[in-house]
Amino acid sequence: MTDLRALRADFPILEREVNGHQLVYLDSAATTQKPQSVLDAMDDYYRFHNANVHRGAHTLAVEATEMYEGARAKVAGFIGAETDQLVFTRGTTTALNYIAYGWGLNHLKAGDKILVTVMEHHANLVPWQLISRYTGAELVYLELNDDLTVDVSSLDQILTDDIAIIAFSGMSNVTGALGPIDVLTDAARSVGAISVLDGAQLVPHTPVDVTELGVDFLAFSAHKMLGPTGIGALWGRAERLEEMEPTEGGGEMINTVDRHSSTWAPVPHKFEAGTPPIAEAVGFGAAVDYLDAVGMDVIAAHEGELTAIALERLSEIPDLTIYGPKDITKRGGAVSFELGDVHPHDIATILDQDGIAVRAGHHCAKPLMKYLNIPATARASFYLYNVPEEVDALVESLHKARKLFGLT
Amino acid sequence: MTGLDELYREVILDHYRNPRKQGTLSGEHVHAEGSNPSCGDEFFLDVAVTDGVVTDAAMRGQGCSISQASGSMMMDIIVGRTVEDVRDLTHKFKLMMSIEEGDNPVDPERPGSVLGDLEALQGVRKFPVRIKCADLPWATLTDALDQTTA
Amino acid sequence: MTDLRALRADFPILEREVNGHQLVYLDSAATTQKPQSVLDAMDDYYRFHNANVHRGAHTLAVEATEMYEGARAKVAGFIGAETDQLVFTRGTTTALNYIAYGWGLNHLKAGDKILVTVMEHHANLVPWQLISRYTGAELVYLELNDDLTVDVSSLDQILTDDIAIIAFSGMSNVTGALGPIDVLTDAARSVGAISVLDGAQLVPHTPVDVTELGVDFLAFSAHKMLGPTGIGALWGRAERLEEMEPTEGGGEMINTVDRHSSTWAPVPHKFEAGTPPIAEAVGFGAAVDYLDAVGMDVIAAHEGELTAIALERLSEIPDLTIYGPKDITKRGGAVSFELGDVHPHDIATILDQDGIAVRAGHHCAKPLMKYLNIPATARASFYLYNVPEEVDALVESLHKARKLFGLT
Amino acid sequence: MTGLDELYREVILDHYRNPRKQGTLSGEHVHAEGSNPSCGDEFFLDVAVTDGVVTDAAMRGQGCSISQASGSMMMDIIVGRTVEDVRDLTHKFKLMMSIEEGDNPVDPERPGSVLGDLEALQGVRKFPVRIKCADLPWATLTDALDQTTA
């Protein structure tokens, strides 16, 4: 197993005790912990360089602008993108909404279809529902295979010229299932639809190069990849970003403003109205620096090994059902499970008493829950700072839960 | 593990696994629905009230052991009591769970002051996030009863 | 003069040297500097409590949720609001866009009018222009008096039932002019329009109590009031927030999500899709704590005195023209000026050589610039950490600029 | 203040205050517009090109001393030169201002290699934010010339 153990020292929170136990943080799919270097970068920004960007000729404003735009270059570079095609947003959710409103409101018409999958996060469903109300477009769904990967066997029937958008996740935050990126990207191209990749769970965990992916848009969040809250990114092909209207109006995104009409600044600024999340961009830049230094392939390998161990150990627990692919090549490190009739919320409470943080609930994926015919799951998820002993702790604590609930 | 043992008492697990009065009412009744969006728990309640007395009740829904047990115990205790007593009881319960504050304003002579099985839910207080699980059925009950006095 | 000098020690950046001089930061209208307590609060959040909010039953998630919701209560309390009526947004710009899209898109119709003033920031113009394109509503403008305060003398003629929204700034970020809040709020009520107050420059500098203001909506930014970038707030009356549709769809803002439709969580959550700016909320809370401890009336008095000194000293400089009210009761501490034919950008460069940070440009208020028939101004702006010696430094440096440009 | 003295040289202030060739062209010409949204500087340019030679030019716009002086100096130097020479000159200028990189690829024998008054703008290099002020007219010029070869 790739030994990233030494990196744990970079994450101050991992020293913390919870209910008398050292924290076992298995909730990185919700948000990740932050290395000291990310906190230091933001602190340095605020203590020495803080100023508003773009608008000033004074030293601090110049420095802040360079740091902000430098962060854009770093984050763009991290996904192999041109700097100008990387828009900072509040997060994945905002990025997907920008596409829905900025592209959808101006291109969709009644009768158009938006193809999504049943495993999508609400962030990749609700914006399309909202935009459907305004445009008359309609959502259509791809169902799932038995292993909970996306079933693309019916794609041929579904695929018509009415399909204007195909929006799908690169990795489910519930089942860990990888999305059929290539198949759906090709499908989109074959009918002239745009393809939108929800990369919230993909970009943090695996090397991503947009020049190799065929998608038109990619959305991801800093806080799920060692960066701060309050920032994320929208990447788009140059021509797609040009086609998009800004969804927020305000300062910095304009070229001219007359009383009754305005013209827009060039991409990416046209999508960044008002004072942007400056310190957050700096922190985001430091986060991708950290990930780059470790190496995304190393991180992916580490998580793969950890996930394999977890799947194996969890399968040995009586009454435990795992929701998601067992084949490690078809999945990432978010592992959802059920334990007999112990409600996931009760599991989380019991594990928390041992300092183990897992998530319980619908994971913002209600249509998937309905499809699985369950109200909720418990979910453990891994990142570069997790170690096999933490899987042991999880397993041990699940045995306690069984005992408490009298499962035999 | 004393905290957890106190939380998951025998009686709670029993109510969780064998909830009382599951289903719906067919005669005249009021209906209310409650949910806890953060954890997904749902509680659907039918209550029949005649002449100021709760004559019958039925529940459905899904959720954790705490919300389901709390609901099941609630079913056991409210049927046959006056709406006024049930409101007292609700208040008493919320006092016990630190959901409402007050200086024991419940008359100890009133039937509403006896919580019975519900006392088993006291263990929840040590788990503040779970308090709203215990409260879900009661908040739904209040919604339902408010319809009867409209 | 209220002596807040000792507070300077709380702001690490004020120690910094710029071009060999101690920083003289006169650009707080663009963004303010941050006290150590705000940085510490965010650092503490990341080092000890970081987790995603609302969705978890584990200890960190509970703590993070309490900190996030606790910050909401603090910021709401700071403006005298109910906690539930305070929505966290990315900033003023996002807040105003939320109103434009969330209220406007569902309530405006062709022929409706949106009344604004000529002194508005682009953030309070472009969203209304955008929404006009979708609804057929139209912007109408209030002009300015000679002292650059808003001219409300023509209000009676302008005020018809067509007016659906009156949106105006509490304080101009260019001229410092205070907005006619009461007059425009009453006007809005008299024709059944909603009133929207851009509080970006008001809330940081003066005590604000929404129960005393008659407005329906108030928007402001944390970064302009000692808080971090990446967060701001939208306050609205309960009934107005209810009337508003969410503009962003995603996790946390929903009640149920079915395949083709969804229902929303109660206000304020229905407007907070996805992972919110959690650390930023914590920092925002610490910022209002700091402001409360100093006292907003003390801050307002301090800035008033400083502004009076600045107006007086600047008026003594030959060739210098101040744009904005001279009457201190009609203005705040943003002071825009011109110096002969020295371009504002050149002024900023020259001052920067003395470590003095001022802003030069159109200040995101192009319609105002056109009204004044100038392309740009230089602007000095003050906050609680500024001292009279900094005005001296400004004046001295402006004399240098005159000399460099051979003004006599 | 040496940096500032170098920035605001006499010749720059002279061009700023008395910019050459203000106005528009009436005969056949190409037109380009440039702006610097972050500071608001604007530059409008008319250029007449006959048989590969810049025969006339006129500028309008507004902005700081650096962008205006740079534009005015540009007017002085481009008229009468071949488009090729003007492109060389542009490249040379951008090399001097560190906007473009390269190993002096301009033939020193070519007329484009003599920057004349423009050398006064070297002081701008110490003020990196102002470099784009100096570049604005030249970027606009390139836009204009690109139209002539289309």
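Each chain gets a letter, A, B, C and D, in the order it is written, and its residues are counted from 1.
Just so we're on the same page, a contact is a pair of C-beta atoms (placed from the backbone, for glycine too) under 8 Å apart; a residue touches a chain by one contact, two chains touch by 3 or more.
Keep in mind that what you see is a predicted model, and the values were worked out from it rather than measured.
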Pair sharing more residue contacts (C-beta pairs) when A-D is set against C-D: C-D
Mean-CA-position distance for chain C and chain A (Å): 31
Intercentroid distance (Cα basis), chain C paired with chain B, Å: 47
Whole-Å separation of chain centres (CA-atom averages), chain C against chain D: 39
Multi-partner residues of chain B (each touching 2 or more other chains): 38-39, 129-130
Junction residues of chain C, two or more chains touched: 55, 57, 254, 345, 349, 360-361
Chain contact graph, described as a line, ring, star, complete graph or other shape: other
Chains grouped in pairs wherever the two touch, ordered by label: A-B, A-C, A-D, B-C, C-D
Complex contact set, residues of chain B against chain A: 1, 3-5, 7-8, 13, 17, 38-42, 62-66, 68, 127, 129-130, 133
Chain B contact footprint on chain C (complex, rising order): 54-55, 57, 62, 254-255, 265, 269
Contact footprint of chain D on chain C as seen in their complex: 341-346, 349-350, 353, 360-362, 369, 375-376, 400, 404-406
Parts of chain C lying in touch with chain A, wherever the complex brings them together: 12-13, 16, 18-19, 23, 25, 27, 30-31, 33-34, 39, 42-43, 46-52, 55-61, 90-94, 96-97, 100-101, 105, 121-123, 125-130, 134, 138-139, 141, 221, 223, 228-231, 246-254, 256-262, 273-280, 345, 348-349, 351-352, 355-361, 363-364, 366-367, 370
Residue numbers on chain D that touch chain A, as the complex places them: 35, 37-39, 128-130
